[in-house]
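Take a look at the structure set out below.
Lettered A, B, C, D and E in written order, each chain numbered from 1.
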């Protein structure tokens, strides 16, 4: 359980809050909202990278879970090859994983980058960098995944494949996913719960549990469509309200 | 062609300058004791081959030692600074003090301290003092310039200070450090020479000593031969550092097109 | 071994260190002669000569007991030591008159020291606190005339109107060798400059604790100088040229000749006797001249700057 | 409190060091003529107040002039280098030559060249030579480190070389340049003192003059008073540069947290 | 007219080509394709930022048109405020526009960033940076717009608004637009012609003219849907063929 209790974040002016949220363990929660509404800020607060201006963030058992974070801009070390970038979390957490190299090659292949392991970041396309960053977030088996628009630089085929991989991973491994996206369909398709933000300052305007009667081809169902329409409507109101 | 230009260009300039120098000296009939022509210097270099080379070697040795000492000292200090703002604020001014204290003025103290019999050691200390600051300032800048996003990445994975240092800050600061070292290696050489000027006893026989003695005896050709050796040594060391830089930064850094 | 233990037995020889103020040259020839000819060893001393340079501050080395003996270039130095209560004093004077000169080019229309007032003169750092003071009050020289003397003669040679200080025994020869013309020389002592040159300074510690060693050092040095200037300097010169590989024999020989002809270490009458001599009268002269002109306070214990106990006049 | 720490921390260190020094001198009964205690030095500073301050001012003036000259020279040169690889390859070694040539050795030549009557000018030249290299090396690194993407942006809009320079390369290189200048300002001071040592005249009597004078008179307290003034000047100039850096880099650069 | 004649681009290995393309003046052409297929590379070649390894790129009348480029990663000068970043192209092309400040404020407002003019880039969210970059590309009135996934970091409302703005701009000003996206719907919705790339090395596998009987609510029509389905099918084949 990750709890946001009256969280406010101010820079020169207030940008976020107050936010009250409870993210249950093993849930898959998406955050959508206009650009600049504070989605990234929420993830950074959740991970402890920035400090809240007021309020309290707490984890269940008061232990910070092991986190994987895909930043909005792929944050790769320019002096490391792709594979060494992916191995970084293992090095830093001193995790003794058997065959780390094999594991990272597996992830590299899952994000469709076989053969790029010895490239440097500046030799990759935008989407490729993002995919390396995704592989890196996945490799250490985090129990809380914070994903900031991980797929928005990807073409639809790759994206769909990675979405399904992510769902698979989530189901099998009992992890919690906090997923920022600006695609309503993606949010509805993937998550159990969608949080909609509005901006200036960012607050939660809607917080819905996604109803999902079938799992196969959920995105072809009317149930899916109606929820997408509902959320899009809210978003549109938000956007035009400004 | 493009490949060799980094070799041809400086060589051409040198040749051009040498020829210009020679012509000017001949044309103005500049007397030897004011400015010898390159040909005179070359001759003197040949004649005093043995003396000068062995002196150059002495200076070279001290330079390298001072450079290594200064660089490691400066990098360690900058690392220390990066660990604590308080330490940085407290010690940086001390480093500045050492930088701005003229070698000439503290040489006697150092000499008394290490003892006259250890003049070489005194020279080493002085040369190190002369050389350490640029590496310190640049390492400091490099470590501070580390991208905020990258820092966040490391925070996220709970990197220890040590890991952050060796896996993030040092690699990131490397181009900065190397530039500092490129300045520093020249200063080490200068430092070695100046320190020998001011603290050398009769036993030290580096290039400084050749320069003074040749100057005293008005042997300008030899004086310039020693100077030229010094300069060659300096350029050689600089090129060495540039080469090292090229190897270390090879692929990733924008500045490594050099 | 720790050198501040100053005296260490070694083959039954007593080790002492002697710091000069310049690289090995004829102006220190007697000491090298004494060393090379084994005169110090005969007296039971193991002398180590450390060559100095313009930055080595001999009084400080003596004060800190880093060395037992050292050269004091002129009479100001022992007085400065007394003024600052530095424990050490002059025990002998090699040059009875200071060989400091001012030189101009032969073509210069400067005819005397007075003519130089107002003209730029190249002066070394050390001299600013020495004969320059005398020139200032005696002729009205001014600090603004000072230009730094570098280690090179080139600035002098390149400008026919330039004036520079020098050492009687060295610069004139080099200038003549280079230009074919001897420079015009103004030997300060000819104008009444009352300083000794190249004194031997000793630390107070060794004077108090082991006067015999001091005496032995003085005696052997005197003999070294006598041999070097008035007999055969070969041994000394060979050692000098080993210690200072840049030194050449012609320079050494002409310097010896000059020292003899100008009677720098011993006057015409004594010709090789009374080397190292100092007299209270000359010290008194020097001090009164300087103190009268404000260089020193009148109540300075000037007698503390030297001791005559290690040298005696003979006839 | 946090606001004043950058002032308190160095002050505390200084006080601590001064007290330590004083105690050591008293405890060891170190005689004045070897190492005066801070109290002796302070006394001498008070006694020689006038002399020393006016000398410090002379040195300060030359330092500032040399610093400005060296910085502008070095920045211009680095800019020139950035315009042509060939020029860079040809001239960088020349810059290295100037860096590694000891001031002591070329002082006579410079004196001949500018004439004995322009000793101040000679000092300025020499001090400039001492100070210019770090700025050159750092500006060079800074200009080369400019992000490839930003360069492409400028290419796209057909920016002229001049525009690229003033709107991209210089602003980007600013933190690098300023670090170079932070090293350089200390070197200017050192250079001003050393140059006065080797090429000074009696008409302008900077701190080197006082150091020599006090050294000749064996007045160690005054010598150290001059040294301390020198060091204070150095630290002051350094802080000035740090302050300038803070203002110039204010908001955008990662290293500007300083 | 912008002509790609047998263009090949190699780094260590071949990444693109051979490509043959003619982009007519005043046309709106989208490029879609898997991540890493060379879309960005094509834009960079077209703008002359990188040189082709072989082949020839030529412009009509052999004059390089005035170009606006939105890079895949918002390339802002970190030491300039938002407004100064937007003004940069005007400064560089020395264009004497009346009231440049007003114009840039107008663009800033069009991309929904009123009030952010004095912020520095590091104070903006990912989407906000991208929007500044869009405003910058627009301000100087380029005749060739090269847009590299300009809207992929934006929420759907902002995106839809900017898409319509872009179409408006294109229609009114007689400009040529080369538009890279990974959204097939976006491509079909916006463009007259869609080019589909395949990867390793990047080549053109399909080049279709979009049929558009109606203009209003085109994206609600079956015509629209069928074309989207067709292109998605091709893309899926490409993606799975790998």
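The rule is simple: a contact is a pair of C-beta atoms (placed from the backbone, for glycine too) under 8 Å apart; a residue touches a chain by one contact, two chains touch by 3 or more.
All of these numbers come straight from a predicted model, not from anything done at the bench.
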| item | value |
| --- | --- |
| Contact pairs, highest-scoring chain pair | B-D |
| Far-end chain from chain A, centres as C-alpha averages | C |
| Geometric centre distance via CA averages, chain E-chain D, whole Å | 50 |
| Intercentroid distance (Cα basis), chain C paired with chain B, Å | 37 |
| Numbers and ranges of chain D residues touching at least 2 other chains | 34, 104, 108-109, 112, 147-148, 197, 253 |
| Touching two or more other chains - residue numbers and ranges from chain E | 73, 122 |
| Chain C residues counted as touching two or more neighbouring chains | 57, 60, 64, 150-152, 154, 158 |
| Chains that touch, pairwise | A-B, A-E, B-C, B-D, C-D, D-E |
| Touching residues (chain side chain A, partner chain E) in the complex | 11, 32-36, 39-40, 72-73, 112, 123-128, 131, 148-149, 152-159, 161, 182-184, 232, 235-236, 238-240, 242 |
| Chain B partner contacts - residues on chain C that touch it in the complex | 3-4, 17, 19, 23-24, 49-53, 55-57, 60-61, 64, 66-67, 150-154, 157-158, 170, 174, 177-178, 243-248, 251 |
| Contact set on chain B toward chain D in their complex | 5-6, 9-10, 12-14, 17, 34-35, 85-86, 89-94, 96-97, 99-106, 109, 112, 133-134, 137-138, 140-141, 144-148, 175-176, 179-180, 182-183, 186-187, 189-190, 193-194, 197, 208, 211, 215, 223, 227, 230-231, 233-235, 238-239, 253-255, 257-258 |
| Residues of chain D touching chain E in the complex | 147, 149-150, 152-159, 163, 167-168, 171-172, 174, 251-253 |
| In the complex with chain D, residue positions of chain C that touch it | 57, 59-60, 63-64, 76, 80-81, 83-86, 120, 122, 125-126, 128-130, 142-148, 150-152, 154-155, 158-159, 162 |
